[in-house]
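Chains: A, B, C and D, in written order; residue numbering restarts at 1 for each.
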């Protein structure tokens, strides 16, 4: 969309808001690159649901360990202090509320915090949930990172999700190429705008009603 | 002397019956006991229910077993493969295999419950979604939960990094994944490993799966061979 | 009781019936000494509910490791192949049916397999269950090892337990100083008699009705 | 830089409030965080509920806390001490402390459930005994089970063999026991250790409690000192 942030800029926008010491799970796709944008020197511990805590930067091609992948099945590295555990323990961390933050991509987010991110149709040939439903309800905070609209220009932030839900009422904040939006009891409130983007532009590309930035 | 090691994949797989529920460890390409999974083709069991996180990728392991027509039903969290339609997706579209989708954490917990003698538990995962349809819910402390049941297997096919003759196991890096959980959840737990070590080599603090959960261990040459 | 086996002989009687390769939990007290009587060269893996598998013989006084105790809080050793795990995993082994055998002491066993072994009174100053209830229902087989009668000569094998139950209908076999008795669908059947002990003597010291040895 | 180490027992215990539910690791004398437990006396919290396998033995740790009159209620599986009546037994007989007896496996599983986001589960343990009185039962697959609820703590006092600044922990031999389970089950998990090591010293495959479960770590001189 015209004037919005690049994907790397979106990831960096979100990464700046992660405090030191948080335990964070990054969903498959766009959220994964958030790890590359954490400000230098800030220790954030990344979790992957396949049993890894303390994920470091992507390895150089010649340093790939085929035994070490993340939930997106990409090769990763482990930082000093990292650890491995099995799937039941990994989801105990998730469902038990031990993650400070989970960042997921989404097809749609509704103004009540509903998220739809696993399938656009129940008649999908092979509908795949993976860890999305556990992550959506388990982490202390769920932030969504996604393009503000679809490639066809349709809003992803809606009054009611038309796609099957991943979880109801769980999204706390949305980062897009246009804005950062908090899900509050009063509704969706714009928290920040991308450079050169004004409130009216964001509202025009949003199905749900937005509240302006409160200063 | 206790010796759980067997000399061949065929010996390791002896007794898995038609209609069995078979648990397959692994996540992505890591920690898949592909020598055992592919051994099931020669072993001959049909009409299998496969419980695994993924429904097979590429042309190896579970994908080969599916292509051989041995699988009636798949229970998994993420049936989608990589690029292009997988063997599973083609069979599923053609109505030749059934699918039960389970959220990944619920899958892990149902397996853990089976191994731990817990017949059922409540979980917040899936409430308010299609997963909850037709399922019993309960309010506890003001929050709604789904009732989920243990998911035991007749057999589990496990990949371990190291094993000894008592069946003690270690895993390498993210190769751990579902393996230790599934090892506890089956009546017959069968392990492939590349590193068969003497009893006492594995530090008692570092053993991840104690031998009590393991019935048979077979050495395979290398993980690469195992996946050839 | 006159003519019966010593405690060591009772333990040895039971130990002979444990096949190689079984995973076995031995209860506190008399059952614990069963480990000392397993025939030489036969590998049996002993479990302790405080997270130890592969317990070896008691250490010499100068070799005691204060970090390594069994469920009876006695110092023990670990065999090569032994392992440590936490309490939830340890009771997953027990409750999940992974132990081939548990041997418990008892105050009373009834002819339907009921066992009472944790307290003789609910008004006990500090009633202590420990792991007894989990062990009684979790192992694939529960054998009881106890003196045939109390010190006062009262039968411990009864038609109905008068003490609070540890678990109903779970005992498979009873080893005493007088006899080995199987709990069967038809009732209590004497399986073996101690040397010099006849059936009538055992029946006379038993409240429940016994069936004779079937040859 | 993440640094969960604190410089004193007092600092480690800061914020534990009157009426708190405090989980104490250990089994027998092994794996008891006695420096922390006794530190609660100076810390001052009253009216505590203590969850522990045993109700204290001898004159150290929990027995001292009990003697100081800080404990209102004990949840445990085995309140009996060694030879002679314990501090707990005397207080209990005098009606000065409440007792909830929980079978040991159910205690471990309720703590594990609290850490794993499972609010309740069914278990076969205790069916047909006084433990089942007034409790909900359910038949599953022809067997009767009891409903048991998660048991979370406000704080957990943990003894680890080794710890690093991220709060990763290892345990020694049977010192593991309830410690890793309780470490997951409390809002505030506090660790005493004799071996504070540099980040990266602990092998990632050998870490038993990942730092995600740990809030504070304090080094104590030796286990003996800790129990002095």
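Rule of thumb we're sticking to: contacts are C-beta pairs under 8 Å (C-beta built on N, C-alpha and C of every residue); 3 or more make two chains touch, one makes a residue touch a chain.
Quantities reported herein were computed from a predicted structural model and do not represent experimental measurements.
**Student:** Any chains in contact with both chain C and chain D?
**Tutor:** Expected: B.
**Student:** When contacts are scored as defined above, which chain pair ends up with more C-beta pairs, B-C or A-B?
**Tutor:** Answer to which pair has more contacts is A-B.
**Student:** When the C-alpha atoms of chain B and chain C are each averaged to a single point, how far apart are the two points in Å?
**Tutor:** The mean C-alpha positions of chain B and chain C differ by 35 Å.
**Student:** Counting in whole Å, what is the centre-to-centre distance of chain B and chain D, each centre being its mean C-alpha position?
**Tutor:** Those two chain centres are 33 Å apart.
**Student:** If you average the CA atoms of chain A and of chain B, how many Å lie between those two points?
**Tutor:** 29
**Student:** Please work out the Cα centroid separation of chain A and chain C, and write it as a whole number of Å.
**Tutor:** 55
**Student:** List, in ascending order, every residue of chain D touching at least 2 other chains.
**Tutor:** Answer for chain D, listing residues that touch two or more other chains: 109, 112, 116-118, 123-124, 171-173, 204-205, 208.
**Student:** Which positions in chain A touch two or more other chains at once?
**Tutor:** Residues 78, 84-85, 88, 91, 94-95, 138 of chain A touch two or more partner chains.
**Student:** Once you draw an edge for every pair of touching chains, what topology comes out, line, ring, star, complete or other?
**Tutor:** Contact map by chain: other.
**Student:** Which of the chains touch, listed as pairs?
**Tutor:** A-B, A-D, B-C, B-D, C-D
**Student:** Spell out the residues on chain A that touch chain D in their complex, using ranges where they run on.
**Tutor:** It comes out as residues 20-21, 23, 43, 45, 47, 53-54, 78, 80-85, 88, 91-99, 138.
**Student:** Could you pull out which chain D residues touch chain B in their complex?
**Tutor:** Listed in rising order, the residues of chain D that touch chain B are 109, 113, 116-124, 138, 140-141, 143, 145, 149, 170-173, 203-206, 208.
**Student:** For chain D, which residues are in contact with chain A within the complex?
**Tutor:** So the residues of chain D touching chain A come out as 1-2, 112, 114-118, 164-166, 168, 184, 199-200, 202, 204-205, 207, 210-213.
**Student:** Which chain B residues qualify as touching chain A in the complex?
**Tutor:** Per the touch definition, chain B meets chain A at residues 27-30, 53, 55, 77-80, 82, 85-86, 88-89, 92-93, 99, 101-109, 111-112, 123-131, 171-181, 208.
**Student:** Enumerate the contact residues on chain A facing chain B in the complex.
**Tutor:** 48-52, 65-70, 73, 78, 84-88, 90-91, 94-95, 122, 125-134, 137-138, 164-169
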